[in-house]
Structures are given as C-alpha cells and as structure tokens.
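Which chain is which? They are A, B, C, D, E and F, in the order written, and residues in each are numbered from 1.
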Amino acid sequence: MQWNSVGEFFAMGGYALYVWGSFGACALLMIAEPFLARRRLSDVRKSLARERLADELELQQKNS
Amino acid sequence: MNAFLATVRRDLLLALRRKSEVLTAVFFFVIVTSLFPLGIGPEPVLLKKIAPGILWVAALLATLLGLPRLFSADHVDGTLEQMALSPSPLGLLVAGKILAHWLLCGLPLVLLAPVLGLQFDLDASTLGILTLALLLGTPLLSLIGAIGAALTLGVRGGGVLLALLVLPLYIPALIFGAGAVEAHSAGLGAGGHLSLLAAMLALAGFFAPWATTAALRVALE
Amino acid sequence: MRQSIIQWFRFASPQSFYPLAGRMIPWFWAAAIIFGIGGLWISFFVAPTDAQQGEGYRIIFVHVPASWMSMFIYLVMAFWAGLGLALNTRVSGMMAQALAPTGALMAALSLWTGALWGKPMWGAWWVWDARLTSELILFFLYLGFMALQAAIDDPRRADKAGAILALVGVVNIPIIYFSVKWWNTLHQGSTINLNKAPSMAQTMLWGMLLMALAFWMYSIAVALMRVRAIILERERHTEWVKHAVE
Amino acid sequence: MTARKLLRAGFGHNWTMLNVSGLACSRGERRLFTDVGFSLDPGEWLHVQGENGAGKTSLMRLLVGLSPADAGEIRWRDEPTPSAEFRRDLIYLGHHAAVKEDLTPLENLLLAAALDGVGLDEGTALAALVRLGLRGREDLPVRVLSAGQKRRVLLARLLTRPALIWVLDEAFNALDVAAVRQLGDLIAEHLAAGGMAVLTSHQPLPVPGGKTLVL
Amino acid sequence: MNAFLATVRRDLLLALRRKSEVLTAVFFFVIVTSLFPLGIGPEPVLLKKIAPGILWVAALLATLLGLPRLFSADHVDGTLEQMALSPSPLGLLVAGKILAHWLLCGLPLVLLAPVLGLQFDLDASTLGILTLALLLGTPLLSLIGAIGAALTLGVRGGGVLLALLVLPLYIPALIFGAGAVEAHSAGLGAGGHLSLLAAMLALAGFFAPWATTAALRVALE
Amino acid sequence: MTARKLLRAGFGHNWTMLNVSGLACSRGERRLFTDVGFSLDPGEWLHVQGENGAGKTSLMRLLVGLSPADAGEIRWRDEPTPSAEFRRDLIYLGHHAAVKEDLTPLENLLLAAALDGVGLDEGTALAALVRLGLRGREDLPVRVLSAGQKRRVLLARLLTRPALIWVLDEAFNALDVAAVRQLGDLIAEHLAAGGMAVLTSHQPLPVPGGKTLVL
C-alpha cells in the first residue's frame, strides 16, 4: 500500500486531473450506458402495456 | 415574422427527422481536418503552422456540402412553388431557411473548432481567436452560399457547379478568417481582420437574402 | 451439416432468445462487478508507483481494456452482421445493432483516456501516431455504422445495409491499421515514440487482465440489455411479445 | 374554412373576380396557344381541356404567376396579378406532390399552414386528414404511403386553408373511385360557398356545370 | 459485356448532356488546391512540403462530391428498378457505372494533377510519381465510394452520411498515395507504396462491384 | 416485336405460365394482404383492383421480384422467380417515370434497350415514338415534355422490347382519351399474340375480358 493519506490518494502524485479524469469518465459513461439501455427497455414495455390496455378497452366496448 | 420562425422551425424539424444529418455535417468537418495530417505527415511543428488554414478550409467545405440541400428538396417536390405563391413574403421565408442552415451546418463547427484545434496543439488564446473568427465567418458562408444554391437550383450538374460559383466568393472570408489567427500568432493582433469579417457579414446579411429571393424566382419560372 | 446449423439458428429466434438473455444478464453483471472491484483494487492499491511516469501510468488500467474492447467488439459485430446476411436470422442483425453503441463507447473511452495520458507524458493531447490514428478511424467506422442504421427506418433493410458496411469495414481494418503504421514509421523519427510501459510488473499485468475481463463482461451485459429492448421494439406486433410482457 | 368570408367587397362592382384576356404562351419554337381569355365569378368554375401536351399545365402556371406570359393580361379583383392579395386568395396544386416525404401527413399540413402564415390547430388538420381517408396514417412518414394517399395529403390543404380560387392541375390523378367522388363533392361545396376553381383532367369531372376551355 | 459498354456510354452521354458537370469536378479540384495557399500563406518551402498531401485530399474530396449522383438520379426516376429487372446481370451494369464515374471524376484529376503540382513548385520526377499514384488511387476511390453511394441510396441525409461512411475507408489510399510522393522526395523510392496501391486496387476491383450490387438490391427492396 | 416468338416451349405442359400462390405482404405493422393467388396463361390478363393503399403497387413489386414476400410462391414457367428467364420475359412499368429528363425520347429508348442487352435500331425506335404520338418531340429533352408525353415515352418501351408478360402499374395515369384508347389496343394486340399482362387502374380499362383480383 503506497498511500499515506486519503489526500495523497486523491492527489495521485500530481496527476489527479489525468487519472481521475480517465477513471471518472469511464465510470460515468459505463454507469450511464446501462441505465440508458434499461430505459429503452422500459419505454418499450410501457408502450406495449398501453397498447394492451387500449385493446382491452376496445374489447369491453364491443361486448357491452 | 411568424412565417420566418415557422420556416426555421420547419427546417430544423426536417433535419432532426433525419437524425443523422445534424451530426454528420460535424463529423465531415472532423474527418476532413483529420485527413490532412494523414496526407501531409505527422510532424507537430508543421501541422501547428498550417492548422488555422486547414480548419478554415474544412469549415468552408463542410458548409458547402450542406448547400445543395438548402433549396433542392423543396424545389423537387414543389414546396418552393408553394412558398413563392404563399401570402408571406418569399424573402422572409428565405431568410428563415438561411438561418436554419447556419444553425445546422455553421454553429456546430464553431463549437467544435476548439476541440479540433487541440489536436493540432494550438494554445488557448489562439483557439479563442479561431473560434471568434469562425463565429463571424460561418454565417457569412451560409449567406453567400444561399445565393449560389438558389442560382444553381434545378440546373443540370447542380452540386459541382455550385461549388464552382461559391468557392471564389468564399475566398475573402477564408483570407481574413485564417489571417486573423495568423496575425494573432505573429503578435500583430487580430482586431483588423475580425472587424473586416464583421463588416462583410453585415453587408451580406443585408443583401444576400434579397439576391437569393430574386434567384429563386428565376429558377421557378 | 449445413442444414443442422441453419436449424440451430432458427431455434435462436427472438422469441427464445429474449428470455434467455434476460436470465444471463444478472450473471454477467455479477462477473463484471467482481472483476471490476478486483481490478480496481489492484490498480490503485497493489500496483506500485511507476519509476518513470509516477502515478500517471495508472490510466493504463482503463485505457488498455477500453482499447482492446473497442477493437474486439467490431469483430464480433461484423461476425453477427455477416451471419445475419448469410443465414437471414433475425437475432443476428439485432445483436449487431446492440453492440455498435458499446463499441463506439469503448473507442471513445480509449481516445479520451489516451488523450488524458498523452498530455502529462508527451506534453500534447494528441499526436498523429499510428495507433492513435487508427483508433480514431475505428471510432468513425462505428459512428458510420450507427448513422447508417439510424437513417434507414425499415429494420430489415437497416440490418442488411449495416451488415454490408460492417463487412466492408472488417476487410478494411487490417488495411487501415497497417497503412497507418507504415505511414508513421516510414517517416523520419520526428514524432515522439510511444514507449511501451517499462517492463510491466507482474501485478500490473494482473490488474490489466482483471480490468479487461470486467470490461468484457460489462460489454456483454449491456449488449444483452439493449438487444432485449430491440427485440421488443421490432417484434411488438407478434403474439408472443404481447404475452411476454405482462 | 369556406370561401364566403374571403369574398368581402367584390359584389356590386362591374368587374369580374378573375379576368383573363389575350394570353399567349410559347415553349421553345412551339406556340402553345394565343389569345386565350376567360373570366370567372364566384361560384363558377372552368374546365381546361386538351390533349397531352396541349398546354394546360403551362396555362395554369401563367395563371398563378409562376411563369411570365408572352402576351395578355390576368386581372384579379380588377388588379393585375401577381398581387399579394391574389396569392392570399389562391391555392394551386400542380403535378408535383409538394409534400415532405420525411414528415408525417399531419406535420406536413401544419407546417404548410405555418409557412402560409395562417393559423391551423391540430384538431382541424386531423379532421381534414380523416375526411380524406387517411385515418391511421397520420403518423407515418409520407414516404411509405401509396401514390393515391400522397395525393390525398396534398388535397387536405384544400380543407385547411381558406381560399377563394382553387387551381388544380390533374388533381384527380391516382385517386380511387371513392376519392374522386369525394373531391368532386369538395369542389362543389367550395363553389356553393362562393369559391371559384380552374381544373384540368382527362377524365370526366364529377362536378356539375362549369365553363369549358379547349386548348 | 455489351450491357457493360452500353452503361458506360449512357453515363458518359448523360454527363456530356449536362455540359457543366464534366468540367466542374475538375474546377472543384483546382479551386480547393488553390484555397490552401490562401489559407496557409505563401511560403514556398512550406507549400512544397505539403503539396502532395493537399493534392491528394483535394482529389479525394472532388471524387466524393460526385458520388451522391452516381446512383441517386437513376434511383429517383425508377431507372434503377429497371436495371435490377433487366436481363443483363446487375453487377455488370454497376461495374459500368463505376467505370463511367472514374472516367468523369477520376481521370481528369489525374491529367490535371501535374499542372497543379507545378503551382507548388514540384520537380518533374516528383510530378511523375504523383500522377502515377493518382492513376492507381482514383479508381480505388471510385470503387470504394460506389459502395457508400449504394448504401446511402434513398436514405435520409444522404450526401453527408455518404462522406461519413466513405472517408474513413479512403484513408489507406490517401496515406499510400501521398506517401509515395514523400518517400520519393526523401530518396526512399516510391515502389513499395505504389505496389501496395495497386494491390488494394485489385482487391477493390474484385469486391467492390459485388458489395455495391448487394447494397443496391437492399436499397430497392 | 410480338410475344409469340418468346413463347417457345411451354404448351403441352400441365403447368400454367405464371402461377402465384399464398402471397402475403406486410408493410410496417400493417398486413396488406395474405394468401393472394392467381395464375395466367398466354392470352390472359389480370386486373388488380383495390382502393388507394390497398397494396396493388406492393403486390406488383413482389411479383416482379423487387421486394421479397413474407410468404408465398411465384412460379414462372414452373420455376421459382426471380430467374434470369423471368427477367428476360418481363417488362415492368411502375409509378416512376424511369426516363432520363436530360435525354431525348429517342436516346432514352435506345439506351434502355442497350442496357437490357437487346438490339434496337433507330428506325424501330422512331416508329414506336411516332405510334405513341410523340412525332416532333423526338429531339427535345424529356424534361420539357408534358406529364402525359413523359408517360408516353415510357410506354414506347412496350413496342421496342419483346416480352411475354407486361406488368403495368397505373399505366393509364396522365394519358389523354386518345392515348388511353391506344394503349388499350396495344395491350389487346399483345394478348392476341400470346402475351400476358397484369394491370392496375382506378379507371375502367379499355381491354376486354381479363381476370380480376380485388385486394
């Protein structure tokens, strides 16, 4: 373990901007991407559910 | 004024509908600037020297590439006829189309130029001047280009003829635009170049829509 | 033989693939997280400070996996695309479409982390080095693929056009790679040479390996998530989708 | 949406609304027609007839002011055209589709209205599309519509913008039997409300009455 | 084979009918090369150094500019459908169109390059290498470009999307083409570069018409 | 130029020349038609009917092989299409003009024939144009012709290339009365010589007999 303090860890020996810039960008994008993918999935699901509901309503109308 | 805004909105909507279109003008700019180092070789000193020229030529070509579409789609499908017959003055609609063209093809280049400048290792103050020059220059390119687009409308061989007509007219913008950066690098100050660009922009903003409208009426005859 | 292969791909219909993908995703996420934590631990707490580059070299632990993945994903994408074109299986086109954004993301990360590494090491964000340049071109190839697919709204047509482009690209990638390499090395040596990181310590190798595995698992997990969405979008009017989504 | 309110002043004068006299047109070395004249008053319509290439389309383009005539005069409300007033009173639908293939029928209508500077709410636009049998196609890009459906999108403009004079060049092309009848009804309604129309067609027109001009 | 020649003849005839078209690709090339001295400044040593790169990038852009028209006119007016249904194999007709495109957009550039090279003060043997490299490279550009043109056919945002697809694929041609001249100037001999260009040309000549045909069939669906 | 000599073998077999069965086509989410089938033998023709957007054009494109069917089979001379033989026997004229606006009608005909790999001398081409009423327009660029004249240039291909089966999508559009009659005669001649035809039109067709398919 080469870090003596938390501050030293974050300073990264003077390369903080570059190291945290790299790791930060990776973390940010790699967290964002699955959320975007999931939202896409849930959007489709929602619209499918809406369609189902509309179908059912139409059916009810026909029956009554 | 309403019709003006409606035209801008319409053209933006059409462009967004072709999602890729907005981004691809930008990517063309990026790719063309990247082509030059590949053709010329990777020496940093040399590249730094020719960077402003390359960025300006690339911006000019990227604007040029979007020009044929400015009126041609509306011409082919008859919308332009409808515009000429519309109760709103044609000049207003044309001005709207030009503004939309700049928002789609010009503004993104201005925003992107600093990033590309970094690739050529330009420093911060040079990047500032470059961006400012492009901010003044790209609307000028759109305005002048619109005249050319209208003149070559429906003419056989349009796209290339357009380039031929418009590029010579772009030369002053290129000289003062790229010159501003070089003057700055040489420690001469870019003020003179920039104010000339601004003056040309004012002039073109006044006359170009008018000339474009006249050219369109001829094309419709 | 050929018949049985075709049979197999018929079996891999969207209908059977959708739940299968759903069951696999958590496992890949788990693997990605475990490998990721291990890799990060090594990269920050086990790997020693580099003698020449100080702490700056730690960027390697994301840079190299991202670079590798960006190249590898293109191959996989082209494989699926070619399969779709040859055997006309529906899932293949969807897989190719699902992989492209992740590949582009990896290429972008490689460029970004590389630029952030270059500034302290070479004093420039960007130099026109062979490897950098070919990575940039790879990024453009991804964007072209995505732009082409986005521009065509009939999914069947989009798949086929995308497949042709991906295959043309895959033929070109080695050509591009070597041309850029020679372009650079045939030149007088005015460019800064990309020094290989000095004799990598065993621990660094392990760190990179773990991170690469994490990126790999991550890519598979995200691509599967996206492909599920794409399956539903494209098959929304089939009976099974109506039943699958309660 | 009727023509009535656009009529305003115009009665009680001794001039006709549209008065065309002495028109001549040549294309290349060919004289298409000379000395063509006619006049229209509210409620009247003109059927321009002639075989292929006789000059019907050319006449229409002179009439609306898209190309200049070799000779002759066109007066609208006793003023020479093209005047701003004429353009406000006019709808011209030509051979071209004049719809954006990338937009949906609804967007096409709304944007066309915005460009003309007339207000149009979505409800009215939708009603026009439904009336023209495009129910269920409002949200598809026009590109994928059938030939007849594209023409119908164009024709919907007749319902969404009030105009006094309709100039329709082969508007019945590509339409099926039901749509032809419907367009006929539309024109008849327009005439009954005091509108005018100039039509060409190679088929018999389902509109009663009307003057005839043979080129 | 007859159908192949007929296609070439037809495309040449169509281009000649639009008289301006043949010349304007050339003028675009001339103007773009002339823009650089304006954007970069008139230093002879610098210009001489970047000349091959600039000429190659200009050639590349001039070829690119003609690409959208390669199939789009035939697509819009339905001729392409007729070709796909014609008894002659579509691949043959496509090859004919590509050859015609090269004759119209590539060959003139090759012929003109030595003249433009003189502007940049290149010596005779360098000019020879430049011309030879362009002679091998421009057909390659036409072949690769045809694939892109077919893929973007009838697609929203065509022209610019085409540039995005095709330019990355052009890079090897650019590098070896411009590299040949530089290697020659550096006394290294251009043989290696030129034979690589020739190899790529052979590869593309074999695969590109095939890929283009496949893409066209997709576009017609 | 007649279909007779193209017939060759084909009689005395127990299959029909064109046999279509179980065709299905969907566009977007819409099922346009399912299980469409018909067959044609020499001298027979089919009238495809249906309102705007019913799927007539889509059916024609499946038939000639421009787009793939969702299901079903098309057999020509007892072989599945698209075969090289089918393409040799086929002429398809669609909604599009498919003529080069910059070329003259004569050049258009000659080049179209050359692309198809069939010989055509200038005399025959000229005769076809004259027969279709384009006398005096042979040397004008197609661009300046009227809408109907453009269609006639396209139709002239029917006279300059022998083919067994004509697939004509709304070929009667934009034609004047005389031209409609003439095209009707042309088709009748073609059928009498053993040809086949698939036609769509919203107007009544001036060709006697014929099967009907309503979509």
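Definition applied: a contact is a pair of C-beta atoms (placed from the backbone, for glycine too) under 8 Å apart; a residue touches a chain by one contact, two chains touch by 3 or more.
Keep in mind that what you see is a predicted model, and the values were worked out from it rather than measured.
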{"item": "Chains in simultaneous contact with chain C and chain F", "value": "E"}
{"item": "Copies chain E and chain B - interface residue numbers shared by over half, same or different", "value": "same"}
{"item": "Chain at maximum distance from chain C, centres defined as averaged CA atoms", "value": "D"}
{"item": "Cα-centroid distance, chain B relative to chain C, in whole angstrom", "value": "35"}
{"item": "Where chain C and chain D are represented by their mean Cα positions, the distance between them in whole Å", "value": "56"}
{"item": "Cα-centroid distance, chain A relative to chain C, in whole angstrom", "value": "18"}
{"item": "Intercentroid distance (Cα basis), chain E paired with chain B, Å", "value": "25"}
{"item": "Of all residues in chain F, the ones touching two or more other chains", "value": "95, 102"}
{"item": "Sites on chain C at which at least two other chains make contact", "value": "140, 143, 147-148, 151, 180, 183, 187, 236"}
{"item": "Multi-partner residues of chain B (at least 2 other chains)", "value": "17-20, 24, 27, 31, 38, 41, 156"}
{"item": "Interface residues, chain E side, partner chain C - complex", "value": "147, 151-152, 155-157, 161, 164-165, 167-169, 171-172, 175-176, 179, 182-183, 186, 188, 196, 200, 203, 207, 211, 214-215, 218-219, 221"}
{"item": "Complex contact set, residues of chain E against chain F", "value": "2-3, 6-7, 9-10, 13-14, 17-18, 73, 76-79, 81-88, 93, 220-221"}
{"item": "Contact set on chain B toward chain C in their complex", "value": "18-20, 23-24, 27, 31, 34, 37-38, 41-44, 47, 118-119, 121"}
{"item": "Residues of chain A that touch chain C when the two form their complex", "value": "1-3, 9, 12-15, 17-19, 21-23, 25-26, 29-30, 33-34, 37-38, 40-41, 43-45, 47-49, 51-52"}
{"item": "Complex contact set, residues of chain D against chain F", "value": "27-28, 50-54, 56-57, 95, 133, 137, 140, 144-149, 152, 170, 173-180, 202-203"}
